[in-house]
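Each chain carries a letter (A, B and C) given by its place in the written order, and its residues are counted from 1.
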Amino acid sequence: MNRLWRSRKVLWFAALLAFALVAAACGDSDDGGDTTAAPTTAAAEETTTAAPETTEAPPETTTTADPGKQYGGEVVVADDQEPPTLNWAVPGGDNAIVNRVGQAYWAGVQEIDGFTLELIPELVTELPTVDNGGVTVNDDGTMTVNYQIRDEAMWSDGTTISGDDFEFTYNIIMDPDLATNKAIYEDITSTEFGPKTFTYTLAQPTVQYDLIFGTIIPKHAVEGTDFETDWNETMWPSAGPFVFDSWQKGEFIKLVRNDNYWKTDAETGQQLPFLDSVVIRFIPETESIINAFKAREVDVVQPPPSTELIEALQAVEPEGAIVEVLSGPVWEHLNFQFGPGRLEKNPNSTNENLNYRKGVAHTINKDLIVDEILAGQVEPLTSFLEPGNPQISTGAWSQYDYNVETAKEYFEAAKAELGVDTLYTVFSTTSNNDARVKLSELFVNMFGDVGVEYENQLEDSQLFFGETLDNGLWDFGEWAWLGTPGFSGGISLFDLFDPELPPPDGQNVYRWGSPDSIVIDEHTARFAEIRDELNASVDAEILIPLMQEGEQIMADQVVIIPLYARLVVAAVWADEVGGYKHNPSQASDLWNMEEWYRVDL
Amino acid sequence: MFAYIIRRLVYGVVTLFALSLVVFLLIQFSGGSPLDRLKLNPRMQPVIAQLTELWGLDKPWYEQYFIWLRNFVTPVDVPAQEGLIVVLGKLGIRSWVAIAAAVAAVGYTVALFFVKVKANWWRTFRAFSIILTWLIAFWIIKSRIVFALNWGISFRGDGPVWDNIFGAAGNTFRLGATALLLALIVGIPLGIYQAIKQYSFFDQLGTMLSFITFSTPIFIIGVMLQLILALYMERWTGVKLFYVVGMTSSGYEELGRGLFGLPSLAQLGDVIQHLTLPAISIAAISMAGYSRFQRASMLEVMHSDYLRTAKAKGLPRRTVVVKHALRNALIPIVTLVSLDVAFIIGGAIITESIFGWPGVGRLYIGAIQSIDYPTIMAVVMAIGAGVVVMNIVADILYGVLDPRVRYD
Amino acid sequence: MADPLLNVEDLRTYFSTEEGVVKAVDGVSFKVDAGERRGVVGESGCGKSVTAMSIMRLIEPPAGEIVTGKVEFDGRDLLKLTEADMQQVRGGDIAMIFQDPMTALNPVYTIGDQLIETILLHQDVSKSEARDIAITALDDVQIPHAGKVMEDYPHQFSGGMRQRVMIAMGLSCEPKLLIADEPTTALDVTTQAQIMNLMLELAEQRNTAVLLITHDLGVVAGFCDSIQVMYAGSIVERGTGDEIFHNPQHPYTWGLLGSMTRLDESQQERLNSVRGAPPSLINPPTGCRFGPRCDFAQDICREALPILHQSQEGQKVACHRSDELDLKSIAIGATS
């Protein structure tokens, strides 16, 4: 009896142990399912350090201005999203997080300066403009753009970056079998790629060229591979400060120092980067991002912003963290539907009446909205150029202050013109965004104060951004656009309201001045002209006044009402990481990760 | 018995078929398209057209469904040189291990069914050991043989769904199995002890804690664990016991492998530091449930006539409890545990997001956010199949534990 | 006269409930001699099963507790034994079989398992010897194919067969006393007779004393040497079978006999029962506990508790009026 009992115990323990081992080991199965390591590239270990290029680098003002920058160490960055693929040129590659991680190993013609938010040259010596002779408008109406590639620019495997790589990238983008974004590239009529130069000609003058060749693919490493399938889980040789090391799917991507990085530190002349490795950890839950930051498991976080979150992060500032709250590139706006779809939501819609629209503009208390939704961290928007091109913006919407009396006067005028007794507004936006739900609640009082019959009809975002936007099925709406820096970014905004480009061909979902619009007048005609002129010029002297005029028309006609730019929050343990500078653009705070260094080494 | 299992399997397949149709329809008619994200970019029009055709989104839903269904059960062509036979000759050990595992599992199962052993504990052990053997064998085979069904390519752009699911399933299994084990090891003895010491202070305390745990949402449990056991514990003691997020440290591989490529002690430690908190947060609710259930079941048995008989026979109290009460009191909980697998997977979906655990749950949430229906379907079907299988396992176990149950 | 096998003296077993203390057994004394077959009769809840459980010390604290008393068995006071010694007594010296054979056997172990377990516990034998003993025990209770049914589970047996198994289990260790608590209540009438005959036969063969607990006077009629009648936690009458059946001295016994089904009487005759319901054991009525239900009760009955005393007729009875009443002459069960 005793022996039996003992042997049974042994058996159970054996079974439990086996079970525990399998449980511990099965995640590590070496079938390549979880781990993806970089392909071992041909070892070209000559470190040909380039001459310092001090003139190009931005001035060094960092979170902690400690001159003693040590090499080595690791920084862990948290993100709530995980890249579906690492390859930017396949479906899924357009996700913001793919680009964020890409800051480590991608390079192209230009990058965004995190301090000025302007485009600066990256792999080329300077960005071509008409002034510096890089851009030529030809007599036949075409435009030629010339680039000079930096001599020192090289891939992490030691291969020099040459015109071949730009040509290869161009061919990939234009491959008809690939679902790549071919805009602008398809307007290229001829190309010429030299060893350290490349030139292309566009069919008509446009500033949109400043958006292309943003990420270059190395020909020597990618040629001959299956581009669509081979580069989803690993990365080609790096042109940035770090090299892709491994990707634990669902957990983190590890990046290690690129010993062949061509950039040097502007102050000290030290070769960049300082860090040995950077780990980007994917944590879906915001709450957990904050907890991991507090526990110092991650050093840098850029979580989705909310008031509670900002407060939670600021609470650890005394312990050595720095929290930066900025206006981001994503801007929210109110808008009116001018197509027939408005009647679906509101049969009594009076969107066509300018006095009604002006009345609405005076009804909205933007300060209250910013206070309630963003805890008053930023100022409300008075311009739609502001988020991407602050230097151009004129604040055209500042003419509409929050004033119940003015609003009522406009509404009375509107009623008189329309011959109605009551004005009706039906508001639609997405129901699964807390800030927008709060906004809709604030509106109830604001419209109540001015005596407009107001109703909320919120929808699930899938419906709202699908059928509703496509078919213009709203009366008074609200959502956000992403602002892009540079003239091209500013000009692309004009496409959104181009009377000549309603869906399905274009993006004018507002149907302002489109053929089925209820508002077609001299303003819509002029706006269409401006849009065309903007797309036919590359001269800043012409472009800036045109954009400002266009914005003024939008404001005077109250086509939309810009509300506020969403916050972007970032926090860093400044007692651990130096050289960090938060950046509200799409490049994210990783834009200068080559200059990060460990303070505590 | 075999006829019964076959019949249950056939029902299971029909259930899964119906499930697939319902889920597919739900995705189809819940509005939105996987390409909506691209629509707000004015330059994506040609890309959208191209992807619509590639993914067959322009076809009527029933056609899409049948294409999906056909693919779902079709194996992916494996290049000949990676096929089983050639690999056997070429690589040896990897594939032989798989073959050996399969043969061992089949052999063990068959042997156990033919060996006549009378000891009662052996019957119990046999049932559990067969399940365990098949789990181990399956994982060995899966990691050694190239085999995949055409579950499609994810719309998010993260590659073949089959690979994603099996890449993540191991991690979910690690988490879920640990949680289940934890819930059993703590919950069942707790319930038994409470029943034996009915109305004692310990019993009352256990009951109160069980109800509190049971009524706390898993999200709150997870975050509380992060705060208390990871964050504050480190602040108070200065020792990092547990991690807030992740499954391994980024320096995991540098910790060095142990013998035979198994994890080294340092790696095992790292795994435990990461595994503990998410496992507890999944296990907590099950633990509370099991202890309540086990307590009730044990109390019922403790008051049964046959227990009085056992005492009247002069059996020591220990034997009465361990041999006569426990065996009977454990029978109902077998069903509960088997069905709890679905609950544990549900818990894993939330817990994985909280703890940044790279499992199926995270995959699923990501897929839902981007209306990636090949992945949604595959996850739903995989979980559905798991539940069907666990139901059958529950029935079989029930039959093994309780001689009164017979299946015809 | 030799010492009795079992000597119970002033046994009191109380249960604490939310309503108060239930005096389930309240001062019971009796003796059972070796080989004697004693019937304990009474309504449900009169304390007869609790008496048996108390003898076996199967009353579980904290709910139930033996407050005072002495249970001498073979010269040892069982109430003073250690738990380990008591375990040797249970199943070894005193065996017990229960009312519902359907639930009294553990459903997940084979008959063989449960028999062998008992034998190994009380006899110093090897496993295979225990198996042989078990098979013999099954043979003794006339279960066919004893060797084969050892591997069967309880659910494969009928009720009668299970009770045979229980008897086999009880007698397998050759106990000196077998307590049978309503052994045939859950069985049909023909099976009842078979089981009773079997018990009679086996007990006689082994000279085993039997304490037969039942609410059914018919069962004890042909079986027991002596009978004690219990009411509300105490014994109200004790005597030989003849005395009890043919010359009841206590009105309760007299009433019980009236409610007995008798196959030899005409079907037309109305079946009588004792009127009213058993008293509360928490707050028993003052005086004679049977008083409120008794057709012959007088003032004294409501004032003083009668004690068990020798009656003129020979048996012991606890009734103030037993000597003046001539219950035999009153038609049984008829009310005056």
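Operating definition for what follows: a contact is a pair of C-beta atoms (placed from the backbone, for glycine too) under 8 Å apart; a residue touches a chain by one contact, two chains touch by 3 or more.
Computed from a predicted structure; not experimentally measured.
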Inset, instruction - Please categorise the chain-chain contact pattern as a line, ring, star, complete graph or other. - result: line
Inset, instruction - Determine which of the two chain pairs, B-C or A-B, is joined by the larger number of C-beta pairs in contact. - result: A-B
Inset, instruction - Please list the single chain whose C-alpha centre lies closest to the global protein C-alpha centre. - result: B
Legend entry - Rounded Å distance between chain A and chain C, as computed from the means of their C-alpha atoms: 89
Inset, instruction - Report the inter-chain centroid distance for chain B and chain C in whole angstrom, where each centroid is the mean of the CA atoms. - result: 55
Inset, instruction - Averaged over CA atoms, how far is the centre of chain A from the centre of chain B? Could you give it in whole Å? - result: 38
Legend entry - Overlap residues in chain A, where contacts from two or more other chains coincide: none
Legend entry - chain B to chain C touching residues, read off their complex: 118, 120, 304-306, 308-317, 324, 327-328, 331, 401-404
Inset, instruction - Could you pull out which chain A residues touch chain B in their complex? - result: 4, 8, 11-12, 15-16, 18-31, 33-34, 74, 76, 82, 84-85, 90-95, 179-183, 229, 232-233, 246, 248-252, 254, 277, 279, 281-285, 287-288, 291-292, 294-295, 297-298, 460, 462-463, 465-467, 469-470, 481, 492, 495-496, 504-507
Legend entry - Parts of chain C lying in touch with chain B, wherever the complex brings them together: 56, 58, 83-84, 87-92, 95-96, 98, 100, 103-110, 113, 117-118, 121-122, 151, 153, 155, 166, 169
Legend entry - Sites on chain B touched by chain A in the complex: 30-33, 36, 38-47, 50-51, 54, 119, 121, 125, 128-129, 132, 135-136, 139, 142-144, 154-159, 163-164, 166-168, 170-171, 173-174, 177-178, 181, 223, 226-227, 230-231, 234, 243-248, 250, 253, 261-263, 268, 271, 353-359, 362-363, 365-366, 371
